[in-house]
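Same chain, two partners: chain A is paired with chain B first, then with chain C.
What follows is the complex of A and B.
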């Protein structure tokens, strides 16, 4: 399996505070990776660095061999915590926008998923609830045939039923050639879909292992291991 | 990709601006009718007054809204949550700035054309157009008389000066917003502060520069016609230099110092 993401001594400082410290990480295609850690541990910083929304203070980050830039953005599909679609857009406007800018965007797939959730594409985003907006964004992001998906808290703001649908969407829509990074602190909900986990604590990488390995070695679920590692 | 950015930029802004320009043009036609049809006596007298006020407001709105919209759009689309989408598109930060800049220039020109057109719709008659043409001829005549053969050059310089100062004032706003976004938590305030600091610093610099130039050249300026040929190119060069500096600083901040909320 080829490497899709490679971080070498990756460090990000904001003034005097260090958000991410000397992180070495290598992720392969075909894996669903849980990026786990308490609030403020550096999860979002790492995801922003991958997406070129922040520039590292030191160290390097490579996506399929490219530093974050135009080439990497073509193959990374990013779902931020924010609702980043302009309010005035109709759902269909947002689909056209994605279709224009991302060569790997599958319009048909997007409309199929909208239909499945009974979402009307002629509706304005302004008229949708926060949870529905999040679903629309997830549909857009997962309708791309990207090499790396970065999902920042994709299930944070939606109800449990929608949560199941979203996780299902993620599992069924990603392809063998792609890697999915899911950042969350709702571990129990996503534990079953993960192949690997990364624990981040106060900017440091605590653990990077496969889920099977952890279950074998530690004899416990990721959720209980998390509670142990991050005990307050 | 710039073409696609421009397409979406024009679509997103035209949705709001084109109706305003349309209303201005319609109101000027309505006013022309109201002025020429003298049937509003007594209590109905308020109608022409009301229409005229609406028209004046629409003219001001065309200019003012275009200006404000340009600023708000830049801030909202790039520096707020929408920035998470714009800065993860497979485009260069400079292309984002270019698309915003070109769109702003286009709408500024369209708004000026709209106002000229609406004045024509309001008052143009064959005689008045003729008067207008005569007035223009006279201006050209005066120009020729005072500048001799170089009068065409003066006009070209004047137009270039306006265009370059338009670029400069838009890019000054962009760089102020980009600098302002570095002030975490006080981004809007930071942008205003950046605007006033940069524009004041530039004013002081230019004044100093002028004083130096004046003291070196002394009172070499012997004829009136030489003045535009000195002032206009000077102003064009200064505007272009400042525009380049603002543009580079904005691009640098967007590619190396980006820090969205």
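What follows is the complex of A and C.
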């Protein structure tokens, strides 16, 4: 199995605050990885570093051997925490937008998934409910044939049925050659889907292990272990 | 088939047990073709890697076999299924008896309870 993401001594400071501290991490293709930690632990900072939206204070980050930039962005599909698509866009506009930007975007696949949701693509994003808008964004991101998917809180604020839809969309669309990183603090909802978990605490990497390994060794769920590690 | 996953046991082991239960109860019949790993993973909402591991485990025990071109099948070896059934029943009852033992209920009392409850269920 080949490495898709490699972080070495990765550090990010905002002024005097250290958001990520000397992070060493290596992720392989074909895995679904949970990036877990309480609010403010550095999850989003790491994802933004991977996507080149932030620059490391020190250390390196490589995606398939490339530093974040044009080459890495071709193979990383990113679902940010907050939407960046303007409200006035129709769903079909958003699809065209993605088609223009990304060579690996599969338009047919996107429309198939929208059809499956009985979603009319001539609707404006502004007219969609919060849950539906999140589903549309996920469909866009998962319709790319990327090597690394970074999903920042994809299941925050949606109902349990929508959550199942989102998880199924992820399982259906990821391929053996790709790695999926899912950042969340809603662990119980997704832990059965994950192959590996990463715990980040106050900017430090606390744990990186396989889910079944943890359950075998500790005899408890990732959720219980999380509550233990991060007890306030 | 409904998948019921709890959270403190390795997921692949739970998948193995549930497919075993499916074979014993006849949801999966001898020689049946299984859906693809990805379809099974989607139904159970688990990672395809975990479902793959469960399949490897079942293949190792001979309960499932893979045909290179046409997919995965449930074994047609009825003797093996009979053995699995015996094993499974033994395990469930052993766990139950251990629990009763922990509660300080002896075998005689346990059996009288089983008779009473099953009589009530018939009514």
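Here is the rule we use: the second predicted complex is superposed on the first by the 232 of 232 C-alpha atoms of A that agree within 3 Å, B and C clash if a C-alpha of one lies under 4 Å from a C-alpha of the other, contacts with A are read in each partner's own complex, and residues count from 1 in each chain.
What we mean here is this: a contact is a pair of C-beta atoms (placed from the backbone, for glycine too) under 8 Å apart; a residue touches a chain by one contact, two chains touch by 3 or more.
The structure displayed is predicted, hence computed values, not measured ones.
S.K.: Following the superposition defined at the top, how do chain B and chain C come out on chain A, clash or fit?
M.R.: After superposition on chain A, chain B vs chain C: fit, no clash.
S.K.: Applying the touch criterion given at the start, work out whether A:32 contacts chain B, chain C, both or neither, answering first, second, both or neither.
M.R.: Only chain C is touched by A:32; chain B is not.
S.K.: For A:101, select first, second, both or neither according to whether it touches chain B, chain C, the two together, or no partner.
M.R.: first
S.K.: So, does A:85 touch the first partner chain B, the second partner chain C, both, or neither?
M.R.: first
S.K.: Quick check on the superposed pair: does A:59 touch chain B, chain C, both, or neither? Answer first, second, both or neither.
M.R.: neither
S.K.: Does the superposition put A:156 against chain B (first), chain C (second), both, or neither?
M.R.: A:156 sits against neither chain B nor chain C.
S.K.: Would you check which partner chain A:221 touches, where first means chain B only, second means chain C only, and both and neither mean what they say?
M.R.: The answer is second: A:221 touches chain C but not chain B.
S.K.: Could you tell me the angle at the CA centre of chain A between the CA centres of chain B and chain C, given to the nearest 10 degrees?
M.R.: Nearest-10 rounding gives 160 degrees.
S.K.: I'd like to know which partner A:164 touches here: chain B for first, chain C for second, both or neither.
M.R.: second
S.K.: After the superposition, what is the least C-alpha distance between chain B and chain C in whole angstrom?
M.R.: Superposed on chain A, the two chains' closest C-alpha atoms are separated by 27 Å.
S.K.: What residues of chain A sit close enough to touch chain C in their complex?
M.R.: Result: residues 30-32, 164, 167-168, 171-172, 176, 188, 191-195, 211-212, 215-216, 219-224 of chain A touch chain C.
S.K.: Where on chain A is chain B touching in the complex?
M.R.: Touch list, chain A to chain B: 14, 48, 51-55, 70-71, 73-74, 76, 78, 80, 82-86, 88, 97, 100-102.
S.K.: Considering only the defined contacts, which chain C positions touch chain A in the complex?
M.R.: Those residues of chain C that touch chain A are 5, 7-13, 38, 41-42, 44-50, 53.
S.K.: Which residues of chain B touch chain A once you look at their complex with the stated criterion?
M.R.: My answer: residues 1, 4, 7-8, 12, 15, 76-77, 81-85, 87-92, 255-260.
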